[in-house]
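A quick write-up on the structure given underneath.
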Amino acid sequence: MTIDTVIHGGMLVTPDSTFEGDLAVDDGTIVSVGTEQAMPDAEETIDASGLIVMPGVVDPHVHIDDHVSLDTYETATSAAALGGVTTLIDFAWQSYVSEDSPWDEEKPLRDGVERKKKNSDQAVIDFGLHGGILREDPDLFDELADLVDSGITSFKMYTTYEFGLSNGFIREVFERLRDLNAVGVAHTEDDSVCESLTSEFQAADRDDPTWLPAARPDYAEAMAADDIARLAQETGTKYYGIHTSCQKAAEALARYQDDGSLIRGETCTHYTTLTKDIYRELGSLPKIAPPIRTDDDNDAMFEYLQNGTLSVVSTDHVAQTRERKENSKWWEDPFGANGLQTSLPVFHDEAVNKRGLSYPFLVQVMCAKPAQTFGLPNKGTLEPGTDADIVLFDPNETYTISARHNASVADYTIYDGREVTGKVTRTYLRGELVASEGEIVGKPGYGKFVRRERPVWNED
Amino acid sequence: MTIDTVIHGGMLVTPDSTFEGDLAVDDGTIVSVGTEQAMPDAEETIDASGLIVMPGVVDPHVHIDDHVSLDTYETATSAAALGGVTTLIDFAWQSYVSEDSPWDEEKPLRDGVERKKKNSDQAVIDFGLHGGILREDPDLFDELADLVDSGITSFKMYTTYEFGLSNGFIREVFERLRDLNAVGVAHTEDDSVCESLTSEFQAADRDDPTWLPAARPDYAEAMAADDIARLAQETGTKYYGIHTSCQKAAEALARYQDDGSLIRGETCTHYTTLTKDIYRELGSLPKIAPPIRTDDDNDAMFEYLQNGTLSVVSTDHVAQTRERKENSKWWEDPFGANGLQTSLPVFHDEAVNKRGLSYPFLVQVMCAKPAQTFGLPNKGTLEPGTDADIVLFDPNETYTISARHNASVADYTIYDGREVTGKVTRTYLRGELVASEGEIVGKPGYGKFVRRERPVWNED
Amino acid sequence: MTIDTVIHGGMLVTPDSTFEGDLAVDDGTIVSVGTEQAMPDAEETIDASGLIVMPGVVDPHVHIDDHVSLDTYETATSAAALGGVTTLIDFAWQSYVSEDSPWDEEKPLRDGVERKKKNSDQAVIDFGLHGGILREDPDLFDELADLVDSGITSFKMYTTYEFGLSNGFIREVFERLRDLNAVGVAHTEDDSVCESLTSEFQAADRDDPTWLPAARPDYAEAMAADDIARLAQETGTKYYGIHTSCQKAAEALARYQDDGSLIRGETCTHYTTLTKDIYRELGSLPKIAPPIRTDDDNDAMFEYLQNGTLSVVSTDHVAQTRERKENSKWWEDPFGANGLQTSLPVFHDEAVNKRGLSYPFLVQVMCAKPAQTFGLPNKGTLEPGTDADIVLFDPNETYTISARHNASVADYTIYDGREVTGKVTRTYLRGELVASEGEIVGKPGYGKFVRRERPVWNED
Amino acid sequence: MTIDTVIHGGMLVTPDSTFEGDLAVDDGTIVSVGTEQAMPDAEETIDASGLIVMPGVVDPHVHIDDHVSLDTYETATSAAALGGVTTLIDFAWQSYVSEDSPWDEEKPLRDGVERKKKNSDQAVIDFGLHGGILREDPDLFDELADLVDSGITSFKMYTTYEFGLSNGFIREVFERLRDLNAVGVAHTEDDSVCESLTSEFQAADRDDPTWLPAARPDYAEAMAADDIARLAQETGTKYYGIHTSCQKAAEALARYQDDGSLIRGETCTHYTTLTKDIYRELGSLPKIAPPIRTDDDNDAMFEYLQNGTLSVVSTDHVAQTRERKENSKWWEDPFGANGLQTSLPVFHDEAVNKRGLSYPFLVQVMCAKPAQTFGLPNKGTLEPGTDADIVLFDPNETYTISARHNASVADYTIYDGREVTGKVTRTYLRGELVASEGEIVGKPGYGKFVRRERPVWNED
């Protein structure tokens, strides 16, 4: 029998190990991994000698085409494909009404889902959706079971911003999620502390973006991280703490991660590779929340990734433009920075080249664990039978990151000028080549919405 | 030279030790402690043989004549004197306006101080005042220095109820208190968690008071306790966490008490001696916040008192009446329970008789530490030169607690029917006998407002 | 091209996941894993439907043909093969001279290696050797580099028994092992505490074997475990703490396992499945050191295996006979119990069936981690390119353990009468069937000595 | 009535507080503390204005006239009196026989007691005795009850040196001490680790005394400290860990000090004020075990004194001479350094002047806690009824420490040349002036053996 493709002679990386070998793909699925002589005949043989052959990156924290991100599905997923990302999870938002909100009517969360499903028809890679809860509206509780059945098995909430929810309501949501075996996700910063400090800085004309980290301090993040992790523990809910930026917040998560824990955490590429000096260099372009912090916090992120308190590295990709970030005061600028196209090479360079961590570690935190955490059994692995989402990565090629190559609507990158060794050569999605040598070759629309399973953590 | 009084032959208790001896008082001041033959001649010699001679209790958490407590200064301080309390700290409230508030105008905190000073002219014992901050009004910051100068060197805030403050505003207050060397005090329960659970129980008609502990759970207390203690640590502010009721909240305080800590904590007599079964017995009469919890929490309070995480036992005395507590649903009943008259005998019986702790321990947590914590160098000790605030306590007399003897306006006691061994025989305030054998003999008005110092903790 | 064998239709288990598929073997090596249609043509196809297909068990703690164990290589490795074990690590002992020692001359450790290599020519499965250091003889230091080069990359010491070493000498050994990138291994019990308690029980005629656990208490184990782990941390040496039996000892290891730790730990099947009641049932037959402990310790072993403090489950197999264990006093009986033939089914039944843990967990602690810990990259995994050491395991077959089937010289089993579900059906070593349906079919002598690599832990 | 003496107008320091006042003494006992006007008539009034009036120092760790210390009772206690020490605890040794031992016969411990009682007839201050156990001889167990009855209520053991005991024997002693309500005391360093390092340094000719700290490293101390504290916890015995010199050892004690703990710890003045640089300056003169360590360890000692892990500061006074310390290699020099005469002024200067700690803290760790820990209710306090052991201390006088003033046989001081502010002016023992302005005025022989009580710790 003849199958579609054999990827030959690369260094295969699984979450456990690396070994030189071949990988066979048929009908969009990995059908075997092994030695050359054990491969079936194939229509096409791709030479991967000298390259890393790894699962496509699974990025569970991406903002596309919404109230905070300018990307369309086509631009964002193109950036993703170029960056070796083959699956992302975006957010379907519940609408809320306020002066600044993009909505003029409060509708059910399923409307947000419908909207995203409609607007995502030009996706180049696969994607899932988190439900995004922006109102304290108990009607939501009647929607949850159907949403979970439809593959939206995680729900995000905020403790800050005008659409932040109270701890009490989050507790109520958690109880429902627990009963549905779904995952709670939260952006955790103590809103009033950040607001009070921001006001203080506004009153003192501290309008330079270097003030941002002090306005949203590590302890404000840790306060909310601690509260929400405690609620997760008390209610027995699977909880995923996102974009952990600092030692104090990671410590708060760790506190509630006892044996058989239902608490997991994420950090982002930028919290492992940049320090707050970046605000001096790039002004508001890297304005995000939580802000970028210190060297010691970079180190702490790696410690907590290694000991398992944190298990995922994401991008929190948001597409903003230079123009929108050019207000005279940092607090007038919108939050967000793009990262889909650069996350794998930047994190690889830091983790593998600079810190001497292994490729299996890289594949754990960028592929296997995000997939396992969010109910994507066919993603993030080279296991036969799963989707042939594969990245060929040249570990030896050195290049300089520049926004000139951005596929995203975003016209800058916070890694501008950074030289990294290791480059995405080819990205395959379900066996099809979608990006090659820095060019998109996939057809918009080939990327599909993935119905996610209710995830099982630590055998629950 | 002849002095006023010698108290002869009792068992003197200091924070360190007990010894049989005499104590000489002149002009309201302790002038010596020693053996009989070393005493100066005295006008009067009081026989204390067989009795404990200890400093008057200093209760730093008492509510009198305000929006939550029905007692007048005369009734509350009479209860205090009968209970061996010679100094209490009440609250001077900032007014706030709401449908349910007792105020119709928002005035400065100093108006609340004036009001309390005026209404306290019938006090039987000495008293201080905490400032009570009930609004997020930055005008307050201009008042603080004067208030501290006038002897109001601690300020209480709430994280719950309609007059609760945000973490962000508490942070701002803390920064001012730190600069003034004053103490922050907070009632810590996560408001939204308590509200969400209460609403849930209301919706489910869980109107029996036995539901109260679950409606204001230990973890809600711990969440806020953790947040505020963290803010104290981050701002470098002296912080006193009140009415700690449970293991989880005490653990949260302990987390921020490293070496040279500026964080202290209090529990109350009822959290060391009662369990939530009391709601089955007495309905809403013991409805307080935080609620009374479990056996294990009782034990934890003693552990944390012994290891120093907690250092004070107070009453959180509030005078309510049976009538006001007789609504059909527990959530309609007001909070609060009285304790001034019973706290010393009840806690003594539990700590000394039942748990085998020492008299110096008793004097530490009820006299010396509250005085030291709140800037009262002349109170809470038998040291020569300090106020002759003295309790003669008969450790062998057994009696049954009953509300029939209440001096407070409150017409019930949550310890009703409890048999205790150990009874207050005589209470002296600045050398004068104010209560004797269960009767008030002091003149209303003899008790004075005490200007408190800025306290020094752990050599700051 | 036609390869040797395809194992078809089983449930393949890797350290990360399980999936239905096929596995191809050629020339003793796994050449691919994948779906049926991607398999090459094979001489033989083995039907594994309904069976678990897992890597052969790697047991790094086995005693064969030495001063404590009666088994020959043939008997021990036959038991192993029947139990699904395809690689074991035995000990090559340095001789020491004493009244009870089996040696009459003190020779270099390499003599012990030679002896084992000679006596192992009838091995049915593969095996490695730990060096066993029984004397405080600095001449040893000159041997170490050669021994490590020859594939003996770990060295065992005792803190107890007449051949126990002092902490000071262990420190000296550790410094050499660190420099050679080898692993220190230690049996940790405080000798003098065990001796003092044993003497006490002897004096009191407490000769019933139920006294054993109290004579070698958990704290004695924890004392030595703490000391040796501290020495490993201080010297920067890779250290593997063996046969951890209790909560206290595991806690001691955990104390020194900070981030980037060089400290790992092992427990044994019996410490996860038996309690000290077994001494009441079976007398001295389960007499081992450390002794079998409590229910709570069983639970703790699983907690520490799950959180990574412990990473391996071994047998500490020692072949003794009933006859040798039939002295009138337990202290006269020799130590040791056999386990090679029963470890996988017993631990599988406990971990997977009773505690709901996953097959990947089972493969981690019994196959992948022991192999990785001890420098055996071709063992313990289903990765293409590695040795085709494979177990077919029927997860549904229920049977009762009995010593009647023992291949070991040992004529009893401490699991006698235990009904377990899950049975080893076939065991392959480097592609050859060595045990099938409870019968040895491999040729004695096919098993080979494996030169182990210097292991890399946590990227060192 | 006229009493003997009033000490007038000083700053009295108790374990809790300081206050200006007078102190009356009659018949060797403190009969009152108070204000001037409350004092009885006295034969003599001593002006203490400008001076600190504190309890005499209680030093529970002193070596006199034995196998390690050259002082006679007269010389040692004279140094003590000049240093403000009014009670010390020396050791009565069990004899043991070895090449280097001073004994040629192994006798009961009571013989050592007799010897010390005989040789102490020229004592200038009061003293107690620890029993010192130097052999693993169970006959000792028959002596213990009588010794405890005779006021020897604590027993010291070593884990190092040729007279070190095994953990197993220490466990046996602990069980007896627990039953007798006595206290176990241990010098904790892992002997074999210190020996192995010392041998290594000997072999490498590292004969400069700056190698000492590395030869007896902090971790060797921590290993033994951890083991013995664990034995104390397991057996339920009161245990006092002596001369804690480092962070790691203090942490080991802390680990076993849970609530209701029976574990206490001591550090010495030199571990709080000197660093290992002293070996560069003074060669072997400060050779002691454990050795003097680092700045960070100094800081740690204060942290642990403040949080209560450690509760006592002693001297470990040993009288050696320059001559005996002048061997060419540090390992040939004897251990020990003298400190009785300098401990109070040196520790006062460091703790109060340099670190801003309070006088009550000083009195706690040097007077009250050692007295309470070792069953000396009449010592270490200014409480009426207790012994009038009083130090007048001038906090403002600055002087330079020099061995020229040594009353000890020792002809050097490790604090030589250190300028300190704060000087002992007068020392009273049971009301009698024993040292005044640097001169001994007491009669040798006035100091008496004190029968100590079985101490009660934390209400046991």
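Some points to look at:
Here the chain labels run A, B, C and D in written order, and each chain numbers its own residues starting at 1.
The rule is short, and it goes like this: a residue touches a chain if its C-beta (ideal position, glycine included) is under 8 Å from a C-beta of that chain, and two chains touch if they have at least 3 such contacts.
Only a predicted model underlies this, so the values are computations on that prediction, with no experimental measurement involved.
The fewest steps needed to get from chain B to chain C, moving only between touching chains, is 2. Chain centre most remote from that of chain C: B (centre = mean of CA atoms). One simple way to say how far apart two chains are is to compare their mean CA positions; for chain A and chain D this gives 61 Å. Chain geometry summary: the mean Cα position of chain C and that of chain D are 51 Å apart. Distance from the chain A centre to the chain C centre is 41 Å, each centre being the mean of its Cα atoms. In chain A, no position touches at least two other chains. Under the stated contact rule, the graph of chain-to-chain touches is a ring, a single cycle where every chain has exactly two partners. In the complex of the two chains, the chain B residues touching chain D come out as 1, 3, 14-17, 19-21, 24, 26, 29-35, 37-40, 259-260, 303, 306-308, 356-358, 368, 381, 383-386, 458-459. Taken together, the chain A residues at the contact with chain B in this complex read 166-169, 171-172, 190-197, 200, 217, 219, 222-223, 226-227, 230-231, 234.
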